[in-house]
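Lettered A, B, C and D in written order, each chain numbered from 1.
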């Protein structure tokens, strides 16, 4: 089936005005749907699990900081969830300030820790003495400037929020990396499977069956033997004790593709507790070439050949 | 279905009295069936292909000489055939002679070239000066001794033939290797598939899809990824030009086993012109352990899991 | 050579009183050495790079949250650094409050975002209505309680800090995971290589040479072919654009071990820009068995054999 | 060092006039050297082992029949030998007869069994009723025609012998395969190692270390991990009992090539009793491309890099 209908309801890692809400607004119909901000990723996912909303938009990775651990772990455990969409949002930061403040006056800046980390070059060059005051989000830091007795002078946030709040912008494009992008995922209950589009991604959580040299190879071989490329892999501690871990993996292709389905069968045999977190369209729409011998047609021909041999008598 | 019925007809690499006939006589019912000796392996296989007989017994390997090239190639090409049984015959050689000849008198010995090669130690020690005269088979060499004007004094043959012909035995167990064994196969038309027995073998002919480092690895990986062991492998020139070759392989297990069937599917994708030469009981009855994750049950569970995910909507 | 001498100077991710300082104090001699708190991981590493201190203690992973992305990236880029020691610190959280506050009175809690995430179960059960106020560290949140006009009532921090500051403890062992552990690394300039201890770890940064199915396999095969186990792997975006990535890997063993050195040689051939971040003692002291054919002796015997063949003439 | 000097002495699988002598005559200087025919491959190799001659020319493979088992086994066991040259000889057969015999008169034909097998198409079409009489070699069969009381009418041999003996040729190019080629090897004592030429081959005998799925993969992985292609592989029974076997392998490249030497080191670790049978120029002079990351330079750079890291202190 397809994505949730326009009348669907959503939650997102709030507050309003964050990059996460910007990601949600890219989902068709989300602009007119009910949108509930949630204080944490876990809180957002719980709203999905208990049926309060249809889906949650949460951050999963950014091109500067790598995977967002809390989200990865939250969807890997507990009641099953399903990733149904991936959204990329370009990360552009601006420095906004209280109305009366000029760049030279800025002494204290608030923003989310990740945003602060990503603007260090500009800060060091332009306001080297500025002090950092942690904020729970970029949007919250910007909103704070409107409050009386705000303990800081300026905030780093998205242009989107700066415009919405009408705050003066003291610096634009202040991020260290010109083309930084954040990746978000839309998460629903596990009764949804998006149609294949030809440029899809499949996310899996695979417990390591045994800890010996080559155990990881055996897992990866299940992909390689079917010509399935990986676009992300992370070993993750299980939370029980160091050394006991699982793999969080993004593979190219859709479970409706024969080569992906066949790889999943092989993985199930060697790690029966693996978790399928969804097949969904790649946000970058990049198609991957499929070798002739890993095409659906090659799998179909192989199956027919073996079955004809088995039914020989 | 099972092996040919008792009223079946057979051919074998003749003449009568060779180890090959001894192998055929191990097949239940063959002792009372029609048995036609053939002059060459190709002639025997042609009798099967054109329907003159039901099956042919031909030598495929011995523990001293390795694969019998002509047989391997003959069943790999032309009209498809099917191996339905494997037979092991212990190789014991005796030296027989014309009635009046004693060991010290022996000057010329005839036998098949392979037999001659396998008795060199005994010959060198006991009749070092003896000359070799090629024979087309061990049995033919023994039979020749009964003819008038036989140009040689002695022959190396099986005890079976010596006894049948009533020839005096000048030496027993004269082979270099105490426990030498020859392997024979029973070959039928491709409409027969023996039932799995739990200790089976599957024979394949696999053209090398491309000639690059790792191409052979890709083929073997299809076995290893399913826990299928190989008991024989040979690269063979295709007969067209050196460097272009195929693989002749024996794998443990039956095509009715899920892990073997799955390996065959993978092989078909990367080398679509491979040939299935049969699944049949191992002559040595040696069972092989199957890891839990390559059992039929593991394959079934994996398939059900993936299908349930695919039919999600 | 060995670890820095007692008169060495250190920096650590501050402020004083964090788990990171606790980790540093486990280093022999660090208690009497100069210790400089740094505001960020990058700032700490810069103090090492520019020679201001000998080494920096920074967090690298915890058993609940996984890898600490900022640290991984910071040591993977820029002027080379070297990991020379790994330290584990059990994570135990306490809830401390202003003197007059009792548990029922707590309305706002400050702490670091990771700590807040790890105490959700206890908070939900005991003070479900409590609001979160981000803090830059657990120690900073605790120190804040001593200030006049502190905007929050309570803080989550380590027992170590609570005791040092003399703050009343309203709850102990409030973390979700009983045995949570954080892993820290001591980082120096690249002129230090700790002696092998028999229970070592080697950290590498390996750019993916090409993006095709099997490219990751080729990298991992270099470890598997020498019997070298991995204890951590993460693919990481390079920061340029999504899809272009490198691997951050911990392997078992020391570069002084022949099997590790041989794997490094293989890796250098297929990804010449890989970075060696150090070989150092495992904090958990867990020894790993080494198969006979991957022992130093096996490597030595193999080298001697091949050299004797090469010098044949 | 280079090949034996012109004053060297040789043996070959006789008698004179066989394709094997033709192969030997391709060795520079062999035409004026002492040439001793030997009755069997083992006899020829023994003449080398005991120092009677410098080297032996023996058949190893033909493009129709595959490997010549006896030769493969003979050089794999016993006192070590060394392959120092490979020679290809086109196989062209002619039918020769006694002076008075015409094609229609031919009733009995003698030749070596392999030659007989390779001329079946022509025989069947031109003298379908002809009977076969085994000969110990093609040359011996031809020579026999000159004797009084020769029991057969015709022989199949090489054009070379037909011309030397002045026998009438009843049919030319009578082999089934137009471009059939036989491969011969020149075998010396193990104190010779030919210089690399850029188009070389290395022959190895590798006992299977353990019999489990993947054991063969581990062996082949040592080649693949260094980009070394194989041009031949055969599993061979050890001669003790069926199921216990070794691999006879030809790999592309010379032991002086870093990638081949490195593969040999890896093989020595997992199968310490492997045997190096020589590195020598390919008869077909076909060069193989070497990937940048498996070049001698890549191996040298990798070694230097690791050594610089190890000598860090």
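One rule holds for everything that comes next: contacts are C-beta pairs under 8 Å (C-beta built on N, C-alpha and C of every residue); 3 or more make two chains touch, one makes a residue touch a chain.
Because the structure is a prediction, the values reported are computed rather than measured.
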item	value
Between B-D and C-D, the pair with more C-beta contacts	B-D
Geometric centre distance via CA averages, chain D-chain C, whole Å	59
Centre distance in Å when chain B and chain D are each reduced to the mean of their C-alpha atoms	24
Chain D: positions in contact with at least two other chains	221
Graph class of chain-chain contacts, one of line, ring, star, complete, other	ring
Chain-to-chain touches, reported pairwise for every pair that qualifies	A-B, A-C, B-D, C-D
Interfacial residue positions of chain C with respect to chain D in the complex	1, 190-193, 209, 221-222, 225, 255-256, 261, 264-266, 268-270, 272, 276, 293-294, 298-299, 301-303, 305-306, 309-310, 312-313
List of chain C residues in touch with chain A within their complex	39-40, 42, 61, 63-67, 69-70, 72-73, 88, 113, 117, 120, 132-136, 177, 179-181, 183, 211-214, 216-217, 220-221, 223-224, 227-237, 239-243, 245, 284, 286
